[in-house]
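The structure under discussion appears below in the form of structure tokens.
Should a chain be cited, it is by its letter among A, B, C, D, E, F and G, assigned in written order, with residues numbered from 1 in that chain.
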Amino acid sequence: MATKKTFEQSMERLNIIVDLLEKNEQPLDETIKLFEEGLGLVQECDKQLKGFEKKIDELASKKVEE
Amino acid sequence: MSQAVVKVSTLVSYLKSKIDQDNYLQRILVSGEISNFVHHRSGHWYFTLKDEASRLSCVMFSSSASRSKYYPKDGDKVILQANTSVFESSGQLQLYVTGIKLDGIGDLHIQFELLKKKLFEEGYFDENHKLEIPKYPMRIGLITGKNTAAREDVVSTLARRWPIADLVEINTLVQGEAASAQIIQAIGKMEKEEVDVLLLVRGGGSIEDLWAFNDEALAKCIYHCTIPIITGVGHEIDTTIVDYVSDLRAPTPTGACEIATPDQEDVKQNLALLKQALIKQCRSDVEFERAQVNRFKNMTWFISPGTLVDQRKMKLDYISNRLQIVSYSSQKKRIELEQVSQNFKSLVSKKLHQVGLEVQTKAQFINQNVMQRFDRENKKLGSMIHLLDAYSPLNVLKRGYSITSNSKGICTSVKQVQVGDELTVRLTDGELITKVNRKESRHGN
Amino acid sequence: MATKKTFEQSMERLNIIVDLLEKNEQPLDETIKLFEEGLGLVQECDKQLKGFEKKIDELASKKVEE
Amino acid sequence: MATKKTFEQSMERLNIIVDLLEKNEQPLDETIKLFEEGLGLVQECDKQLKGFEKKIDELASKKVEE
Amino acid sequence: MATKKTFEQSMERLNIIVDLLEKNEQPLDETIKLFEEGLGLVQECDKQLKGFEKKIDELASKKVEE
Amino acid sequence: MATKKTFEQSMERLNIIVDLLEKNEQPLDETIKLFEEGLGLVQECDKQLKGFEKKIDELASKKVEE
Amino acid sequence: MATKKTFEQSMERLNIIVDLLEKNEQPLDETIKLFEEGLGLVQECDKQLKGFEKKIDELASKKVEE
């Protein structure tokens, strides 16, 4: 699910989730769902970002090789 | 006089160095009239340049003089390109001429001004019409004379600055009557060649030499040309009609090439800078996002999600404790029950006690009442006995009286008795049974 | 005759007798009869009172015994 | 006779007896009879009260045993 | 009879009994009857309360075991 | 019954129960029933919270493994 | 892709890309795409610039022929 989101959409959703968790007014089931979703998004974002970081490093270092 | 005294050579040498160092005095353009012209056998030209007020001695060395298309004569009004210096031997200020041309308005000059005015009025010099020069031309057209210095300048400049570009060259006449027609034709070919920019260059020369570039047809052709054209005709001082109509005018052929091309070193540097900017920008963007992601990663919820439950746990514990109030409920009921139970027990025993007392009181009353009654009756009876005793008819017997009775009763008269009768005489302590022996009546009765 | 009278009747008769004896207007034999009657009544009443007393004592003591 | 009466009837009768005795208008025989009756009633009431007390004690102690 | 009553009904009846006893208008026999009834009710209520307490203890301890 | 309720519904019901118990106006039987229900709800809620914690731990540990 | 662009278009595009990145208004995914594209353009341009030596030889020979 989260994989189809762009990084920004994921981050935006994460902000909403964190706000909701902070307010902690939603029912327990909802909290679980939010937590799960939030965790997934964090992982997804982290993964994406790591991919980006790797890609940048690769591309930047490519210059040296040539 | 305490000032130092210098030798004249020292002063002159000092003056020369001062002037030589002054950039304003180098490669200047000066106008004036020629006089005392001498063509030395060494090839150098010596003359004086004068005007109404001043004069200066000039020298034009053979290296420059030999290239000049113009041959001066006294009285000619000229424009010189020259460096100023001091000739040390004579201590004279001198112009070292590098270029010379006729000044003053001749026929050609009049034609030039007329054409310039006409084309200007017709809008051929309109800035808005001028095409933009591409920054990075990859195909550069060059129209110039064959084997000319101008061509060499362009080719060498191009090789130095922008060797990437393809050079498309068309050599034409650049002088004489046929020149402008050839140039027009060349421009047409260049349009077909689809070059990015077109250089039209020629070295310096007299107005006559450059006249081909003051051609109206050529000017209109340049105006209509779809390729941006840079002109570099003559030297700085030379201006032709094509310079006005072209999209950009360079002072020299070299200048034209320089304008038309970027310096490859600049481009390489620029490219390196752009690449750095790209990487830097992208890195900072990713770093920014990394900070955001890490912020989320490090949030309490994700590190210790238990906090999400803690609040609820506390609430539950609290409410669970409050449930224990139920034992208070039974305690309260028990107290209530015991109160009622005690209450009614004490009421019952109170009642029993009260009733018992009542019964006792009544019993006592009855006893007392009855006893009193007896007392009273006893006393009453006692007084009766007393009275009866007091009035007893038998009391007189004690004093000696007696009561006589016969069978008929008490005898109160002798007449009631007959002699011989048996009479009972009652005394206080008994009776006498007697017999009447005789009777005696009393008188008076 | 007197036994058939109540205590109160006897006491009344006794009163009358005492009154008559006080007045002393009747003949002696009558007086004696009255006196004798009075004596009889006194004895009767006394007997009754004694009987009552005995009975009260009995009842009272009976209560105590119980 | 008195045993068939309720406690209150007995008490009522006792009250009447006390009143009669107080008025002191009845003949002596009657007094005796009233005395006798009254005493009987007192005993009867007393007996009943004792019975009640016993019963209450029994009931109360029964509670404790349970 | 009392067993079919709820605790509250029993308490209500007990209160009525106390009120009646306080007014003190009923005959003694009735008082005794009320006493007997009241005592029965008290015992019944006590039993119920004990049952209640026992049940609460059971439930509470059950919770702990789980 | 309680299993079909959400945590929040259970908590809401618990609040109502505690309020009722505090007011202490319901009959004793009802009190027991309320207490029993309340205790059941507490256990249910506790179970849910524990389940939630377990799930969260699972999710969190899963995250670490990745 | 970049090869079909003229050097000038590439440079222009590169400048636009750097400007866009500097403004930093695009989502991260877009940033990466821009980065990739920009780097491609840099390499392409670089390649063209480096290719000049070969070309100058050709030019030199061409000149001779004329």
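Heads up, the rule we're going with is that a contact is a pair of C-beta atoms (placed from the backbone, for glycine too) under 8 Å apart; a residue touches a chain by one contact, two chains touch by 3 or more.
This structure is a prediction, so every number in the text was calculated from the model and none was measured.
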Which one of the chains is closest to the middle, using the mean of its C-alpha atoms?
F
Looking at chain E with chain F, do both copies bring the same residues to the contact (over half shared) or different ones?
different
Fit chain C to chain D (C-alpha, same chain sequence): the rotation, rounded to steps of 5 degrees, is 5
Leading the contact tally is the pair B-G
Which chain has its C-alpha centroid at the greatest distance from the C-alpha centroid of chain A?
C
Outermost chain relative to chain F, judged by CA means, is C
Dist(centroid_CA(chain B), centroid_CA(chain F)) in Å evaluates to 43
CA centroids of chain B and chain D: separation to the nearest Å works out as 103
Nearest whole angstrom, what separates the Cα centre of chain A from the Cα centre of chain C?
133
Using the average of all C-alpha atoms in each chain as its centre, how far is it in Å between chain A and chain G?
33
Contacts with 2+ other chains: residues of chain G:
28, 32, 35, 39, 42, 46
Give me the residues of chain B that touch two or more other chains.
275, 279, 282, 286, 289, 302, 305, 308, 312, 326, 330, 333, 345, 348, 352, 355, 370, 377
Flag every residue of chain D that touches chain E in the complex, lowest number first.
6-8, 48-49, 52, 55-56, 59-60, 63, 66
With touch defined as at the start, can you tell me which chain E residues reach chain D in the complex?
27-29, 32, 35-36, 39, 42-43
Name, in rising order, each residue of chain B that touches chain G in their complex.
134-138, 155, 159, 163-164, 166-167, 169, 171, 264, 267-268, 270-271, 274-275, 277-279, 281-282, 285-286, 289
Which of the residues in chain E end up touching chain B in this complex?
7, 11, 14-15, 17-18, 21-22, 24, 28, 31-32, 34-35, 38-39, 42, 45-46, 49, 52-53, 56, 60
Note which residues of chain B are touching chain A in the complex, please.
275, 279, 282-283, 286, 289-290, 292-293, 296-297, 299, 301-302, 305, 308, 311-312
